[in-house]
């Protein structure tokens, strides 16, 4: 039985009918990634919200930070694993594979990060990400202290929290709209 | 024992040392609200992320939408109730009181929305908000169908999902940074 | 939309038709509190059970104990927060505000006690109350030891357990009967 | 390894040092049951609270009600099963065996009531008891409607709620004080 | 109301129509136990699967192991308690009573093992069994270390894991087929 | 950081020191699969238990059944997804890819089966598998009725239950022993 090929449960605008700035983004995605991530197309239902989402995302995942891009992607996948978000696990699992050159690491982040061999810093980050996702009201000072004990400074704690928080947003948009990831992700960087 | 008066568990920059655009926002807040919401001051730890957060927030909560501002605030509070986020319950609980002129409604949204007298449309929105927050991986087509049956169209479903998703982000930032709300909220619109 | 003004999902007897001793209690409530708490009116469906409930309540919350009245009310609210009981959160949240003179403390107990500044003794009591409410079968000797380490003696442990247990009873009666609190509570002691 | 023979984790007063009315109760228990239930001895730590507990219990479990005594005991055991309360499962499991003359029924109530052959009325009562115990905040009008559809009237709903609520109290006292049931229960009515 | 006397929700073959080897097993059960355990009769729906189940069971529960037969039965009952499996609680609860000569110990294992007086080794085994049953994905090296600290060696850890795993299988077969235990178990070894 | 390359947290016997029948199995695996599944090597810690495990597995997953081999593997992966078992997700996820020729289907089963396009029969089977894994005590006659309504007969229900039960066993052995899957699985059938 063929798997679903919709992008969103809501209507998805034709790219040609979108504003020039968004078309330019799509074109840049095609050039750099070979695809336009379906999350962008699903969000283009409301172009201004797409712009805001991309601005936040770009700063968060691609901007300057003492968290490496790989670390940020690992956190993104662990949050998405806790929430069981298919879209983000597929798209960001591929990012972990690409950035780490380690296909197994991507699988571990998606399926159960506890089996991975991690540095104490990474493990502390991912434990914090899991807890802040699953039982946020139980996050208190000892949880921040555990991050500090693993070497994270204030700026790193801020950026970690921000990635966790953001993927709790984007996971829920993906569920609410039944977003399906681009099929290309599956075969990349295996 | 005096209650905590910190704004964040991380350092909070002096307003005077922030960029002019952010100082201008603070000033506008003082004029309109009589206070600078502590979430802004906590986020000013990373000024660019503050800007992105505000841009997204303003579109989401104050921009055009077929969801009324009160409905959006009700959703914000119900998400924060599910997550037990003190900051957002205090700040947005006040917003529900102010916009509805109904102090009890604010309390009901914060404590247990199921006791409130709600229209079928409102009840459907809040049930969706609760489920998307607490068990997002169980949100499927029947959940969207329930919204449609209650009269929501595609644009309203998008905006509803967006508010739910956003407060799942902001609740987690509040927990991660132990943000405390401005004390003024407590006494307003009772 | 006006909020619900019923007292109970079951019929509520007219005060004038109740026995004299209960009418006398109602009158005393009017004199002291300016209202007859709706929980009494809801329970008057079965007058003898109302009497037993009041006798237990009065000993528990107003009788001699090394737990202060404020401490007992804080515990009552934290139990009700764990259970999300609107009636008890509104009625006993007001009691915390009144006894502490601290409106924020009442909000913190109702919304998430972990954000409050508490003495180690108070924190230990509230942690015990939460656990005994949410996962009672996991309460074991180390939990009593934690209370003792925070300075509670046997009599205090007994009284603490008793308050936690009682509000697990009264929360459930409130849910089962859909009891609504007197509206006056909302505005008192803000 | 011999099993525990304590009555409570807190001190238990010598019967001879208790007030005459409580000694009289103990004597009556010996005459009728052949034992003094350990819950009474544990509660005698605070004699007035023992009196209030007994008064409430006697009305609830032994007083007039359209719920039969067996039905009330079945509800008591199902609540205690949800909470995994050893004391109440042993003591009230025996009561179900005695009142029903059906040892298996007692085991089913204690271990998993869903396997028992029950009338629709009984099943509705026990489903309500389970839900009000485990997820009280989700009890709403449809839950009361299900009871009514199974034939319960207002008075029966009140009494059912009261039994569920009371055992949520007594289970928690048993956990908090680590009460152990009298060994005699184990062998009775098998 | 008479309790259910079915063996399985699926058809149960007449013993006389089963292969000779299975009939021989039934006969041996009658001789040794005075009954044919209903789990065997339910499984005889698929004779080869019954054979495999018995082979695994016999090695696991009756074969050589440094875990005593009583310890294995205690683990079986605690797993079944976590899962609330009526069949296995009744059948293996009786086994604990028989092997220990302690009827209370059987009840404790079935209702809440935390109340029992246990050696540190037993407590560690049962804590591991509970966790591996309820939150298997959280079992990590510290959990094995706790077993080692309580004196278990590699072979004992293997056998413990195997018993826990097996009863997570058999509990689920019992639920899926609604298996009812032989009534004789209830009265044995009280 | 290189990922773990252990097979089990317990010692793993050298193949050359195992009995001839097990060595023959290993050789057959090498011929057919190009690898000896690590689960066999981990289980060879106790050779007789390995034999029993393989006998059960072969009947269950490879024997005659009206459930196709693909359906059985889909069930295996969904159970392992509910339990978050890395070993089984990797090994049986590959089996779904191989048997279906659909790499995305394997990912969907592992990450969140609810996003897949499934026949009503498949969806019913996977919903049953999830529920029997996560809340087995809530499986009752309506759950079997849903399978029958989707076209499953008694034999299919038996075999479905058996696969669900078995992977609840094998997932727990994998967690208890920290089994790591053969790395070859990751790259196969992408």
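We call the chains A, B, C, D, E and F, going by the order they appear; numbering starts again at 1 in every chain.
Rule of thumb we're sticking to: contacts are C-beta pairs under 8 Å (C-beta built on N, C-alpha and C of every residue); 3 or more make two chains touch, one makes a residue touch a chain.
Remember, it's a predicted structure, so these values are computed and weren't measured experimentally.
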Contacts common to chain A and chain B (chain labels): C, F
Pair exhibiting more inter-chain C-beta contacts, C-D or C-E: C-D
Reference interface D-E: repeating pair among A-B, A-F or A-E with over half of contacts shared: A-F
Copy-to-copy rotation for chain B and chain F - C-alpha atoms, rounded to a multiple of 5°: 120
Where chain E and chain F are represented by their mean Cα positions, the distance between them in whole Å: 22
Inter-centroid spacing, chain F versus chain C (mean Cα positions, whole Å): 50
Length of the line joining the C-alpha centres of chain A and chain C, rounded to whole Å: 44
In chain F, residues with contacts to at least two other chains: 84-85, 112, 137, 140, 178
Chain-to-chain touches, reported pairwise for every pair that qualifies: A-B, A-C, A-E, A-F, B-C, B-D, B-F, C-D, C-E, D-E, D-F, E-F
Chain B partner contacts - residues on chain C that touch it in the complex: 1-4, 81, 84-86, 89-90, 102-105, 107-108, 110-112, 115-119, 178, 180, 183, 186-187, 190
Residues of chain A touching chain B in the complex: 9-11, 45-46, 48-49, 52-53, 55-56, 59-60, 63, 83-85, 132-133, 136-137, 139-141, 144, 154-155, 157-162, 164-166, 168-173, 175-178
Residue ranges of chain E in contact with chain C within the complex: 112, 114
Residues of chain D that touch chain B when the two form their complex: 137-138, 140
